[in-house]
Amino acid sequence: MSTIKNIGVLTSGGDAPGMNAAIRAVVRASLYHNLKVTGILRGYEGLIQGDFFPMDGKSVANIIQRGGTILKTYRCDAFRTKEGRAQAYKNLKESEIDALVVIGGDGTFRGADIFSQEFDFPIVGLPGTIDNDLMGTDFAIGYDTAINNVVNAVDKIRDTAESHDRLFIVEVMGRDSGLIALRSGIGVGAEAILIPEAKVGLPQLFHRIETGRKDKASKIIIVAEGDEGGGAYVVGEALKEKFPKYDIRISVLGHIQRGGKPTCMDRVLASRLGVAAVEGLLEGKTDVMVGQINKEIVFTPFSQTTKHIDAEKITPAWLRLVEILSM
Amino acid sequence: MSTIKNIGVLTSGGDAPGMNAAIRAVVRASLYHNLKVTGILRGYEGLIQGDFFPMDGKSVANIIQRGGTILKTYRCDAFRTKEGRAQAYKNLKESEIDALVVIGGDGTFRGADIFSQEFDFPIVGLPGTIDNDLMGTDFAIGYDTAINNVVNAVDKIRDTAESHDRLFIVEVMGRDSGLIALRSGIGVGAEAILIPEAKVGLPQLFHRIETGRKDKASKIIIVAEGDEGGGAYVVGEALKEKFPKYDIRISVLGHIQRGGKPTCMDRVLASRLGVAAVEGLLEGKTDVMVGQINKEIVFTPFSQTTKHIDAEKITPAWLRLVEILSM
Amino acid sequence: MSTIKNIGVLTSGGDAPGMNAAIRAVVRASLYHNLKVTGILRGYEGLIQGDFFPMDGKSVANIIQRGGTILKTYRCDAFRTKEGRAQAYKNLKESEIDALVVIGGDGTFRGADIFSQEFDFPIVGLPGTIDNDLMGTDFAIGYDTAINNVVNAVDKIRDTAESHDRLFIVEVMGRDSGLIALRSGIGVGAEAILIPEAKVGLPQLFHRIETGRKDKASKIIIVAEGDEGGGAYVVGEALKEKFPKYDIRISVLGHIQRGGKPTCMDRVLASRLGVAAVEGLLEGKTDVMVGQINKEIVFTPFSQTTKHIDAEKITPAWLRLVEILSM
Amino acid sequence: MSTIKNIGVLTSGGDAPGMNAAIRAVVRASLYHNLKVTGILRGYEGLIQGDFFPMDGKSVANIIQRGGTILKTYRCDAFRTKEGRAQAYKNLKESEIDALVVIGGDGTFRGADIFSQEFDFPIVGLPGTIDNDLMGTDFAIGYDTAINNVVNAVDKIRDTAESHDRLFIVEVMGRDSGLIALRSGIGVGAEAILIPEAKVGLPQLFHRIETGRKDKASKIIIVAEGDEGGGAYVVGEALKEKFPKYDIRISVLGHIQRGGKPTCMDRVLASRLGVAAVEGLLEGKTDVMVGQINKEIVFTPFSQTTKHIDAEKITPAWLRLVEILSM
């Protein structure tokens, strides 16, 4: 391994609050260790296009509190081709960038895994995804902000639900994972949470509503995007048919979950992992994601970060907790 | 007119942030004038069911900051019938309630108008509707909170739009009026605002996008629910066809616009109008809505509050302002 | 008057949320009218130092939602001297700037008034001050955000006050004016509001507390910085002595009132006034502030904007409202 | 140990956001296990006064999102006396309450420890303190909300600091611990964080400022209440003397840190610990606090919760992180 003198940093995949805090930490840590640091725009697309620019302390001034990513992001197909990656490598060599920090989710890491091995190029990844669906870290950057965005939105919906004695079905993000639904559902005091992992079907939902407390003015049912019962509209239609006298409304929260100022936890997590990524590279780490497990910094090979995580993060104990609290 | 000793208060129609502040003001003003005050649950439905309860200072403690309405609300069909209203009148007489304050929107006032005349019963209305689509007041209670809810949500979407160089179409509330879209659209710095009143069709929208600044990373188009171009999805499909290389996303904000803590302006407006409603009743006012025009308290007959308001509130000057700002 | 081709824009005095929205509107309106627009950094200080830079649409992209001012601000003593102003004029001439938009408060306008007359230089001012203490506009840019900042902060304090049955004295900004205290005090449901204009002394405050409802768990007293009873600490000491068994706490809100994202109202106001300022200059207006009174755009000579405004904005009707609501 | 049939629940010490979520979970879990649950008002004071009331599902409806505590809290001296505790025990026996859940901080647990042993009375504690200064849990209920409150407040101050090129000294809570300062300081991107544990004196602070990047427009220094350098005012005076040309301001955040809606994390933590407390009692646990360490539920004897925690939670790695990031 050659000595690292210039670290490139990019964000890829869906944007997540806290990505800017991570970029800032990568830049500050690089400067602390007297390294150059190069910003790469629009993720792997910018890598292939050679959209690079030198970063210094001022480049990341006053961004820790901003949502989105100043480096922009992009879903890049060309990086899945051998030619695309070869061009990317060529650009890196020409710009004398000798290591990468990539901030993103599982798609990002799959690309990084291939590239890192193909060209023996040092890469450390940072988990940046509101879905939190990665092995190797308790929390991904952006998740805490996303669940707080959901909680704040549903608190508002609760006001209306209480005023009208309504049942609301609220669909939250999480295409393959119920993690956003689970935590935010507990946070808003949901009467039911439908997530793919729990296999709660409509019959159980009907049963829960029928046997639930009758003195409740409002009901909120949180549905994960990817729930097998179908999205909020499918659940809504079924409930309207089963309980025709209920006043039922549907709300799909959509993109508001993703943006906004990051929470303190996301800023701290991003800051810590950003520094650890740079120092990991300096210690020779590569082809790994840096995460935080039980308060400790942990490096996990990219190939192990993208396995199915439900069994680990959505335990029976959590599902039981939901049942007790939603009485 | 008999002397008023007991004022009933109810909220009706869609809930609006600030309704609780209005209830509080009605109660406090009644107590200040040594009147009894009676809470009526679920709007006209509670009037017909006789769902009444005495209120005192403690009934409205610590509610000024809460969204929704502690008196609950309901869309009541029975009050549109002569029998329903007769039952309501009977209940009021039996409970010795001799005047009403009704907080709601145009449907609420149409009912109040009929009832007030049918039984010669003193009623003063307070404008409580996020749509702000009432004559007789510059602002209805809830409107300022709603547009701030939109602005806060779209600020988050802007983060994502900027990160991905995307065009977002965001649908906001306002079935018959573009007032929420107009103000919140200016507030978020929208690249275009589609409202029924402006008759901006798709060709003009296409033109604006084609001739707009090319160096803009993101575009936000605000569409009022009731825009004649169709909702956000119709606009979205047309744009995707016309601009196939744009990355276009759609977000329907829905119920999050309605709830949440009222803004200071909505609390102050509700407080002021609530006191004015009680004092208006004591001065013999009836069959009127109390509003605020140019900082002054104004009473407007119910029958004149529900006319089409667009010409007055959405002037050419406002539409020109949008055009200048969205360059 | 020569034709205007290049407008300079600056912010001066204390920063106020919405200043960026105003800058954006000035820039956009200038471009709309095919004018050049020049940013001047740090207010009058930058005018004297010649800290100018050309602005275009991109200069103001994505700033409408940001607190503070991208042009920065400064309290400049040199502009009070003839030499300072002469240097400023020289810089403007050299840079071919032929009109100014100045965004700030009374100090800003006093300087602009002198400069405008001294050099026959076209200047239009925009009211940007959280204090709202200017004649010629119902609201200054920043005031609505500031009172919402106060309301959000005191809502939090109310949680603690209710939990502990405490009396809180909260000091808010407003050195010469009780306008922030008045509106925010109504907004938080304060039990008393002490403002210079109302001349409520400690004996009346004692009386109000002694005769107030006994079933209130918490009490919040809002004190304007400039209240003649002294700041929050003086009031606090007096109350502790008079009511030794009360659990009394003091909170001085300070600088958090000033910053943060502007509200929708402040963004819309700033946008509208910014456009009106540019178009006012083009119509030959000078030595005036542009404001909004009763929904209309109004131009007021600088010399008339800085008179004492209390009598107009804090009327007996408002003070009576406070008394009724705080029962 | 006799079978538990009726659980009393109280909150004590300073209020913390999430206490209501904890109360709700205790009530829901008790009902789930077919136990009675009794609310005790004002902490140990209510225990001595016999201020008890039966709780059911409705008692805790719609409180999960509220700051403060519906059971109120109090700093009670009488419970430190043998007589006080004897009276409390008598009241519990008379009301047939046979176990307690106490929610609070170290003072609360010291009282619970004595009482539990003195009368062989089953008590499980929940950590509810914004200071997070307890052994036996990674996070106490309220801490996450408090640091987010700080971050949101300081983000606003940053707007002003950037606009004026100012240095702000911001004092945050934490009488004996720098934990709030540490995390929120990282979260706001502070240029320096002064905490008791780090022993950074004024000379080091001067050095850091002198050697720091010169291109920074603003500086934020976070000072913990209990920092040995003295509070914000002492630090401010020293800095003003050392750097007379800096524009230095001071802000003491005070009580706004404590209140407000709890974050999602605090709600989830409180919900989980509340259920665990009830189930711990049913399993015979007593004289312990229930916490969460590395994602697992852990019971720690009261006597071990109140040791000095700095060495564990504020490690050299965290202090190094602060140094790297504040460059």
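We just call them A, B, C and D in the order they show up, numbering each chain from 1.
FYI, a contact is a pair of C-beta atoms (placed from the backbone, for glycine too) under 8 Å apart; a residue touches a chain by one contact, two chains touch by 3 or more.
Predicted model only: the values in this text are computed from it and were never measured.
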Which chain has its C-alpha centroid farthest away from the centroid of chain A? C
How far is the middle of chain A from the middle of chain C, if each middle is the mean of its Cα atoms, in Å? 40
Distance in whole angstrom between the CA centres of chain B and chain C is 28
Computed distance of Cα centres, chain B from chain A, in Å: 36
Where in chain A do residues touch two or more other chains at once? 155, 158, 162, 217
With chains as vertices joined when they touch, what's the shape: line, ring, star, complete or other? ring
Which pairs of chains touch one another in this structure? A-B, A-D, B-C, C-D
For a test of understanding, state which residues of chain D touch chain A in their complex under the given definition. 24-25, 28-29, 31-32, 57-58, 61-62, 64-65, 138, 144, 147-148, 150-152, 155, 158, 162, 183-184, 186-189, 213, 215-218, 261, 263-265, 267-268, 271-272, 275, 294-295, 321, 324-325, 327
Which stretch or stretches of chain A touch chain B in the complex? 11, 15, 17, 19, 66-69, 72-74, 149, 153, 155-160, 162-165, 168, 217, 249, 251-256, 258-260
